[in-house]
Amino acid sequence: MKFQDIAKGDLAILGLPLDHNSSYMMGPALAPMRMREALHCGSANLTSENGYDIGAEPRWKDLGDLTFSSAEASIGEIEAAASDIINRGAKLLSIGGDHSVSGPLIRAHTKVYPGLNILHFDAHSDLYDEMEGNRDSHACPFARAMETGQVKRLVQVGIRTLNQHQKEQAERFGVEIIAMKDWTPDTTLNFDGPLYLSIDLDVLDPAFAPGVSHHEPGGMSVRDLLNSLHKLDADLIGADIVELNPHRDLVGMTAMVAAKLTKEVSAKLLG
Amino acid sequence: MKFQDIAKGDLAILGLPLDHNSSYMMGPALAPMRMREALHCGSANLTSENGYDIGAEPRWKDLGDLTFSSAEASIGEIEAAASDIINRGAKLLSIGGDHSVSGPLIRAHTKVYPGLNILHFDAHSDLYDEMEGNRDSHACPFARAMETGQVKRLVQVGIRTLNQHQKEQAERFGVEIIAMKDWTPDTTLNFDGPLYLSIDLDVLDPAFAPGVSHHEPGGMSVRDLLNSLHKLDADLIGADIVELNPHRDLVGMTAMVAAKLTKEVSAKLLG
Amino acid sequence: MKFQDIAKGDLAILGLPLDHNSSYMMGPALAPMRMREALHCGSANLTSENGYDIGAEPRWKDLGDLTFSSAEASIGEIEAAASDIINRGAKLLSIGGDHSVSGPLIRAHTKVYPGLNILHFDAHSDLYDEMEGNRDSHACPFARAMETGQVKRLVQVGIRTLNQHQKEQAERFGVEIIAMKDWTPDTTLNFDGPLYLSIDLDVLDPAFAPGVSHHEPGGMSVRDLLNSLHKLDADLIGADIVELNPHRDLVGMTAMVAAKLTKEVSAKLLG
Amino acid sequence: MKFQDIAKGDLAILGLPLDHNSSYMMGPALAPMRMREALHCGSANLTSENGYDIGAEPRWKDLGDLTFSSAEASIGEIEAAASDIINRGAKLLSIGGDHSVSGPLIRAHTKVYPGLNILHFDAHSDLYDEMEGNRDSHACPFARAMETGQVKRLVQVGIRTLNQHQKEQAERFGVEIIAMKDWTPDTTLNFDGPLYLSIDLDVLDPAFAPGVSHHEPGGMSVRDLLNSLHKLDADLIGADIVELNPHRDLVGMTAMVAAKLTKEVSAKLLG
Amino acid sequence: MKFQDIAKGDLAILGLPLDHNSSYMMGPALAPMRMREALHCGSANLTSENGYDIGAEPRWKDLGDLTFSSAEASIGEIEAAASDIINRGAKLLSIGGDHSVSGPLIRAHTKVYPGLNILHFDAHSDLYDEMEGNRDSHACPFARAMETGQVKRLVQVGIRTLNQHQKEQAERFGVEIIAMKDWTPDTTLNFDGPLYLSIDLDVLDPAFAPGVSHHEPGGMSVRDLLNSLHKLDADLIGADIVELNPHRDLVGMTAMVAAKLTKEVSAKLLG
Amino acid sequence: MKFQDIAKGDLAILGLPLDHNSSYMMGPALAPMRMREALHCGSANLTSENGYDIGAEPRWKDLGDLTFSSAEASIGEIEAAASDIINRGAKLLSIGGDHSVSGPLIRAHTKVYPGLNILHFDAHSDLYDEMEGNRDSHACPFARAMETGQVKRLVQVGIRTLNQHQKEQAERFGVEIIAMKDWTPDTTLNFDGPLYLSIDLDVLDPAFAPGVSHHEPGGMSVRDLLNSLHKLDADLIGADIVELNPHRDLVGMTAMVAAKLTKEVSAKLLG
């Protein structure tokens, strides 16, 4: 499948094999291939929990992995690729990579979707102004997104590591944070206007997703996250699923979680 | 302990070391021995959560593992062994094996218990008409059970992989499905008449039970399952605990879950 | 940092590298070093969930590990070290070791805090009179604590292995048990007077804390435990976090849980 | 890269994602992707031990994975694909799959290379006439190869599981077996005429290659195997590397072994 | 199979599920069951490397595991069971347990075989006079054996942890030590008179046998050990294979090594 | 122990918790603590294979870990600390860190030892001029060392990844390379004048040392390396043991290898 095969109404799947902006551990560059392996493995089927069979859906198109010309160019190339897809009238679900990919992905979406909302599931706010001198660090994408001035609302769910700097950044940008300690299964999420969804797998407790770079105990269960997605009432127009780290995923459990989310988010984007 | 030692009122434990009907991964044939190892290991005791000490109960009798004369004969031999035990006035709790064992186990019980109900915890409906040409596949036992025409109600809990074929099978057989997405800790389960219980360990989230062949994220916690069993109000007359796969159970965590369930279900069957 | 550096108002962290009183598996002696490693690793920060930055708190003082002159002397040396710290007007949070350390720790606290209450999170009551002839076994510390006659209330939360002997011990000592099967997120814990907190990591389900000697499925989630601590309304005056066993902690997940608890309990003790 | 891009003098790499002929454990179908992941991962380079940089070699062409129309058709489709490549004047190195792939691969080579020799590294002779009724089983490929009557010599190295049936088959077909117990680093391997090489990773001791379906202790070290290949004096015209099973390869060590062998065998085939 | 079924000329296999004399880590009590699981698993056959099919040998009789009446009584009960078997004119191969079992096993053999020689493969000399007050510790069996005064020669192979105390013990008892640093594949082992063989799996490098309590790097390969056994020229009359610890044997590799050794030593004892 | 406690004739052990110069994977910063844990764990003793008891040697002094003021300053601070120790007339054995530490360590030694020789065990030459713009990368230390012009001979043993750039660097600097494919147990290593030893654990095959960042199959066994050290005839004046990565060391096997090497190299340095 190639970019020119993407047509209006399609959902493009695009792998982002990138992790050089990670601050602690490499690995998420390997994620897209492992997610596809889990998605197509013989132990499951391609029907979502609400009965949508993405395996039978011709609009679901996997573009394979984006190739980068260099580490430096990668952030720009992600934005260009995302814009290309969106401009064809298709939606994009990107899989894999560390969280630095969300910066360019969101920038591309803000250009086409005025009044864009963002729903961000994560253990961390990723609002650092910079990390070890790197403004494209995976600790910074939502600072970059908010600086565009084009984001209507940024709602962060599952946060459990807010330090003083990030708290100040959140206040400065008007970020709405639903900390993990305040979240309950009854928490409702409603958005007016187009919604972009960014799922960092470490929003889940490490028990459910050991294959991430940053183990932060006290997170959601997979069921909590799935139910949140099922009852989310919004006009979902794009999404990313990031931070799978196969190096820590001894029996492939986290890859399977990422694949299940890919399936459920796909059904939501296509539905 | 031998079959002839089983008497009226006893609870017979029988290991079923069988996995040749598995579609994706071998392993459950090793389960019975690992479950006994966990049950008797020095890190726990034999008292159930409601205070029943099965270690002090003479009616709790472990028959060891069933020996099969051949792969082809195994399904028939399971049914014969189950019938032998039930006909002695005892109850049967079988441990280990893949889910194909539930077909013959249920057939044996329907012959003695008219109006039999089945409560089935699983991520999968296992209602396939056939799988890769095998009608005894571990994907099919509940199709086989319903075809007997002797099952009053089949209630499936925790399902999260229902595709079109299985949905049609469920409708055809009148199966009641409580999908995992609709289940809550408040869900109540009531049965009129004798109840057979079948627990596939993959009803649990892989975080709790990594040692299964089919990782399907988004499942129950062990506590959810235990509480469901504790508050189950029914005339429990038999049970199986299946699909433990030691190959994926790196530190023996799932074997311990299976052993704990063996203890709790035993207390329920004896109580 | 040395004992003489501890002053009034400080919170002393003290590692207890001891596991010879364990009945099933060695390992907890390695826990203090692994907890520090996790606490200071680059994947997290030192701010608690309610915003307390213990990294910036000069009263938070890590004394390193206690050195024992012999296995026999260790229980007495723990009590002496604890008394030394408490008598300086500081609080103590001990990390690591098996649960046998709680006996001497509690004895030291009862001498300074009349009417001491104890809140004990665990899968096991640890009320054995003796275990394999050892009255200092990790199965016995709360029998030892209650025998002092100085404990006002002992509340145990998360218990799921109560056998007849321990049930009788609980009745004899007037222990209040909130069994795991009866616990809900709404359970409230209130104490009048000073409170000592003892957390055995196996109160958590093995899915969340595989790195413990005794896998007892059906436990709390990390979030359950954190929320219980957050809403605990009491005058917390000391605590221990015990039974981390690195031998079973393949990717360091449990060490990270123990470190997170260290951070949250520290904030509670300092707050 | 497509089949039509393969030209005379090229070395084609072809992934064979197939494991339904395995008798004990699924998994080798996942091997090709994992071998590519290891080959291109950032921890190594693409230069062989004798200084050949396959990354800079335009004749080294990766065709990706063969797609099968059905399980039944797969054996025939492998033979057809191999013939297609060989008939273009190129050499083929197939990666992944279980050992059943060697039957059709060797058949394709015998048609073009009269007097073909085979060098086979393995713990097992794989000379069974049939296994559980399957004549294409991964236990049978060398019986199938010898039945063509077109193989001049079959030399098996590293065998350590020869039972009576396979011993008889070896005698019937005139197979030369260098059992592992008789092999030494000084063993020399010389062939007159074209040589096809088949490497089953379980020729290695499980210490070096845990990621295989059949753990057979007492095998070669990786260095033993590499040195054997380096000093092999023969006209190498094709090869396969089989039986990598990622399910047992916890930290990816065996995938890296398979990737290293791919690099070294490629250099040998191109040199 | 029962003791009374053992007849002259038989080889009795007896499991010894015992580890309370271990100084560092529990686990070897689980070994016998895991060794049988590996021996009979579908990934291998029962033919030894020299072609002896123990699966077809009626004299090969597995007695299952010895049951102990108490920890204190276990050492005496092992000696009694061994004497019972030997006195029936059979040979004994005991499997599993920690090394403390060798003391009573050797005592039983010295009573029947005057001028007994012992060949002992191990990383450790196990010649301690006592360990933590326990003279039956797994660190002491060969001190106990030599104290009988009935052992003609004790040859220890693979030792790499000799400290001053054990060096003195070795000199006192006239033990012949072939340290691992001095061993080569050409080292020959010849014995005059009956030979008892004791294999501690930690003679192997931890790479080959991670599932042992004491990781001591720098050991033999499995091939080294197998070849030593193959070329051993002696009248082998009994053997034990000890110290398998399943807790550290993540993918069952060491259990398979122990099973392979069981097969090869059985062939030697029967041949 | 502090720097001022180091006296003439001592052997100082210094931990270097640093890994920010690693190109592929973080982790070696955790190595020093894990090496000490393994060195002092209850499963082994402190006597080297030639009978030297470092536990009883007062000149063996562990300084703990060096603290760095910043990532940028670390390389300079290592050189300063090493010089401090050497200038006191003591020898230094540094433990842990990635290989970038060897640059400053060797610089410090060349200042005191004219005509310094270096013996370097590694899978990689680490002769890159720079790596991703970093001239202090762990891929570059021996280029830095040779640029001092003060190194008499650099002998590299075990290399198996030499690409064109590194080959040119080796020729430019006159490095003597004994590639792994050419090494045999009979290879002798002789040096005239003082010798500095640098051991990268990845010189070992990943089977023996899975806990390293760069798995490069085909390496030495631990026994090969130990024997090389035992028979090394040279005036050893300093050493480092680097690249232990605990993240990949599931059961602590590699930490134990590193600890064993620490013991043996210590005996060599003290002897």
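Structural remarks
So that you can tell them apart, the chains are marked A, B, C, D, E and F in the order they are listed, and the count of residues begins at 1 in each.
The rule we apply is simple: a contact is a pair of C-beta atoms (placed from the backbone, for glycine too) under 8 Å apart; a residue touches a chain by one contact, two chains touch by 3 or more.
Just so it is clear, the model here is predicted, and its values are computed rather than measured.
The fewest steps needed to get from chain B to chain F, moving only between touching chains, is 2.
Farthest chain from chain E (centres taken as the mean of C-alpha atoms): A. Same interface as D-F, judged by over half of the contact pairs sharing residue numbers, among the pairs B-C, B-E or A-D: B-C.
Comparing the contact residues of chain B and chain C by number shows a mostly separate set, under half of all numbers used being common to the two copies.
Chain centres here are Cα means. That of chain D falls 38 Å from that of chain E.
Chain C and chain F have Cα centroids lying 40 Å from one another.
Contact of a single residue of chain F with at least two other chains is seen at positions 24-26, 41-42, 205, 207-208, 221, 247-248, 250-252. Taken as a contact graph, the chains fit none of the simple arrangements: neither line, ring, star nor complete graph.
Screening every pair of chains for touch gives A-B, A-C, A-D, A-F, B-C, B-D, B-E, C-E, C-F, D-E, D-F, E-F. Interface residues of chain C, counted against chain B in their complex, comprise 23-25, 160-164, 167, 179-181, 205-208, 210, 213-219, 221, 248, 250. On chain C, the positions that touch chain E within their shared complex are 24-26, 247-248, 250.
Those residues of chain B that touch chain C in the complex are listed here as 41-45, 47, 49-51, 53, 205, 207-208, 221-223, 226-227, 230, 250-253, 256-257, 260. The touching residues of chain A, when paired with chain D in their complex, are 26, 30, 33, 37, 41-42, 247, 250-252.
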